[in-house]
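For clarity, chains are labelled A, B, C and D in written order, and residue numbers in each chain start from 1.
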């Protein structure tokens, strides 16, 4: 369905070529200071048209808040916020009507729902994630306001080029306010959202694919700082399981890992286990963070570290073989127009949003944040 | 919480050293033929004491069905099934009371709930997964009965040793009844649940770790065959997202990927996209299965292929540094007794169970299986 | 929270004096013919300003559909529909800021959420039910399209004046298309939504209360026709229980009964039990409908008959004693402006909506209506 | 389905003639002192065989707790508790196989699920409410431990005989510890659970019906004391709506009202509205409690007062007309054996249980009780 979360609930709506896209965010406690700018700021991060790598479709995405605020604060009532669709390219979508694009949801949507708004990808369009980001913006504000939680996503790999920055390469960056700020600047200044110093290599890699009318994938890392101990549930609603679901609900994500992730399979227990100690103030500390912030599905106080695998944009100009669902014939397709040769940078703010919403929901359910009133 | 699923719901209960462990399975439609043996068969797969690699604790795990069946069939009423705990080792668990084991849930449980049944890992014990497997056994029966769906999990990597068998290495094995049957035999005959021919190497790898009082991890692959087109939802309850959550709810799993998974980041769009064609009978076919069975969160008719990263057993005999929560002192621990040097083979049936339960729930919600009556 | 239903889900948003009120309806299967008029028609029924008994606030309530439709049919995607708030009376709501009105939600909202949009009743305003009616309109269309289900609500009692029409007084009216149509006309032509012939008496009763700056309550009956056998669940999600919850979620409703309701306490078993028989076509029939359409929480094929008790409008001009939450002093209040002396007629369409949404949700969950596609 | 509640969740299982009936209670926070006796005490209240009015089936109903407790306290893990079915009467249930009893769920169950365990009413049997009462016992303990909440149900009407005691007749009884205790004694000593002084009249009324092989209904009132201000939600999950659903999920209940209930329809606004004042300690007080404890769906601090209509036991010895589902013939039935001529007293403890579970769930969700740990 189109609702995410149980107590902090984001219901998204809208199609790429409908009147509007947006979300109703229910369960945000009353008294959170919230402004239009808090949401707009996050929406701006996902806006395309910001570099040569993104589609030139100019999405102004000016958010309008229809409900739930009073005198600059939340009231505990549902917050409906949306963005009207303005600049729809007068593209000939008729072509796509019966010819599903390989790697796309065209086929499965069409077979599942029969009446399918194929224009611009309809409900499967990246544009729908405006709703995710609206939910994420409110969740981020709530988490920051209550626990000073900070969520940061960035690209660590593009195609075969691995960046020289990631949490496990430089964990100390995340322990210092200043270095963290500088990291954040690097992320949002770079069109690939990659704070690594070898980002030029990555750009060339993408440009080369563009020339061949092809696309590339990558890996995004997400870090959440200051999450208190105890978030998440022991059996089925584990923190890691919920985060995996949230991140996998982003189209194009084909894998999720936490902590050292798949590398854990190659470690010995004695290497993997994070040993504990008391520091001088008798705070519980860990000598490593291989677990990535959760033990037994519950946060243990260390940074939460996740990585997601993002597949190459399925829309490519290169000729591909496909089928015609009307004529029942095998055919070929060359997708026209400008398409992002890499979707990774646009996934970055959505990944932050999904982690924020997941944490907000679990922290309300877990008694960390009061469900009605701050 | 302790319930998984919305319409096919598994509620698990019990602790390692309590009276019983089990599950209430609600939402299984009436008229499914079901016997005690259907469940017992699956429970036997997770039973330890079957090889040198598993703990000698003899768990007979004889299941008792308390409700929900009438004249050999389900009635649509909740099925409560459980296993009484019989052979509890008279071990001195007092030692663990205040000394959380590194890599374990001891610490987070204790801090979250305060009153913690630490005996034998309590609620975090692998023993609790008896409930998962009960739910999975019923889900498997339902999926097989209605759509002839087959779910198969097996080990493809142990420590640094990669097996020579996996779905992408030999996809043709899954297209043939006979080769499939032979694959299944190989899996359950092998103590590591590994059908690769180089399994001896793996065994040696584990034995060496055992000698050093250490443990190793691995990778499990899960394949689901015959899932019809259309299972899963477009936005938040994507098939892949739900499966990721289900699999991540198994303790020890640190990563989940679908299809080519993390490898997708290195592919070009033209390589990643699975092209479609009509076969001679005008059935829709794909020229590859890089997506692993889902497009836009919805099943597309190809085998669903997942892999999970399993960390090394945290309980090791080697000396580790930890803390004493009572004395607030740093201390050391050497975990006594016999522990599985590798948890991977015991994860295999649980992974099957979680995939089965997730599919059953999504297929009932999606209108593929009638919610009340077959 | 602000979502109703599990599989047919209505999420309402908006405040009386905010920008808009509306709903996101999720889970309506694809391919249902649906137009703006289908929704507008239902909204018109709840519109005030239609008689001397209702507030003169002119609510045009023109609905705008933002998503979920394509070529005149639903697509299976969420339908966001809303009404912009235009005619807000420039009333001095400041007075109400600290002085909760007796019988109103002012006090409990204020204490629960602290930041309370008190203008015009805010979230507790009847205006919020625009969202309910939007959801109900879509549910009604779905029920009518799939099962020809008809839902009819009407007033049967106003203050102490009991009408001469109700289901149990003239059940035969509901068995005939023509008499049903005539009944419907009577309901919507009458300002009290009362098809009884003694409605004049009721009007005088209300007018007299108006003169005294007082208000009156009443009873509404709701009948649902053509609901198939088997809707509802045996234990906790009984059809009657879900309907009771839905109807009780209308502000002002203080009681719900099904079938003969409270009168059942005075009957003998032999009077209460509805005997069954086969008619000439071997259809199962009942000799009476005391149960009001459900047996053991499951629909049995007879008309579903419910009644709700609606309290008098709490906003009255008469002087009442109350408190000032700022000065902590006891005080008095005379609520200014025009208020409906009776809320009953405005409850009628909302009651229909809640029954429709409840049935739609249960029928999708119960396998009666396909969850994805008609 | 068979689960009630979102965060305090009761999943019931079992059939009248299966192996056991019971419940899994999930979401009870850790550290609540709880013993077997706490549950047994409540189960004893519903036990039949205590008077001439109840079936002589001797249900010992000794509860067994299988999980969730450690050292006399809850651990936050699910509590599975059950009662084994011992004394099943060797009755010839075959007769009922194809002949549904009027007023019973036999018909609707059979048509909905096809495979129906008809023995002793199966899943529709009153015996299944053992699970409700287990959940209620734990909820009551939690509510009492955290807020000193007291829930009391009792009979106020039997057939046409109205008792001389009810909340609105003597509200002062509920304001005094001693009179409350004496009230409670009266309730549980009386076989009809009726503290009215004219209970003899009621008994005679029932005996007369028994002689005619008939049955009678009645009305039960439920009062919850000390519920804090703010419980319940503004729109759909109103306190009154949730309570109505919970109470309507008891078989035999045909109506629910809160406060003055249906009588509200006859009152003027000026009579109905409960005026507020500050007492000498500046506590908010109400001059009446016509609302029955909720305003706008949220508790306002006054006692919560509910009444339910209980229909006469459908199982009667008198000859009734019915159908044979196998032969498709109209037939007659005289239900053999001893049946309760009145079910009202057995509903009393179940009504308490449903109110307790509903409050516990809403209070955890509303942030009144910590969801994990007391």
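By definition in this document, contacts are C-beta pairs under 8 Å (C-beta built on N, C-alpha and C of every residue); 3 or more make two chains touch, one makes a residue touch a chain.
What you see is a predicted model; the values in this text were computed from it and never measured.
A.B. asks: Which of the two pairs, B-C or B-D, is linked by more C-beta contacts?
C.D. replies: By the number of C-beta pairs in contact, the winner is B-D.
A.B. asks: Using mean Cα positions as chain centres, tell me which chain lies farthest from chain B.
C.D. replies: So the farthest one, by centre of C-alpha atoms, is C.
A.B. asks: Round to the nearest whole Å and give the separation of the Cα centres of chain C and chain D.
C.D. replies: Centre-to-centre distance between chain C and chain D: 27 Å.
A.B. asks: Quick one: report the Å distance separating chain B from chain C, using the average Cα coordinate of each chain.
C.D. replies: It comes to 47 Å between the two C-alpha centres.
A.B. asks: Roughly how many whole angstrom separate the Cα centroids of chain B and chain D?
C.D. replies: So the centroids are 40 Å from each other.
A.B. asks: Which residues of chain C are in contact with two or more other chains?
C.D. replies: In chain C, the residues touching two or more other chains are 1-3, 7, 12, 77, 112, 123, 230, 234, 372-373.
A.B. asks: Would you mind writing out the residues of chain D in touch with chain B in their complex?
C.D. replies: Touching chain B from chain D are residues 1-3, 7, 9, 11-15, 18-22, 24, 26-27, 30-31, 64-68, 70-71, 73-80, 82, 112-117, 122-123, 372-373.
A.B. asks: Quick one: which bits of chain C touch chain B in the complex? Just the residue numbers, please.
C.D. replies: Residues in contact with chain B: 6-7, 77, 230, 234, 365-367, 370-373.
A.B. asks: In the complex, go through chain D and note every residue touching chain C.
C.D. replies: Those residues of chain D that touch chain C are 1-4, 12, 100, 102-105, 107-109, 111-112, 123-124, 128, 157-160, 209, 212, 214-219, 229-230, 233-238, 240-242, 244-246, 248-249, 251, 253-278, 282, 284, 287, 291-292, 294-300, 309-316, 318, 320-323, 328-330.
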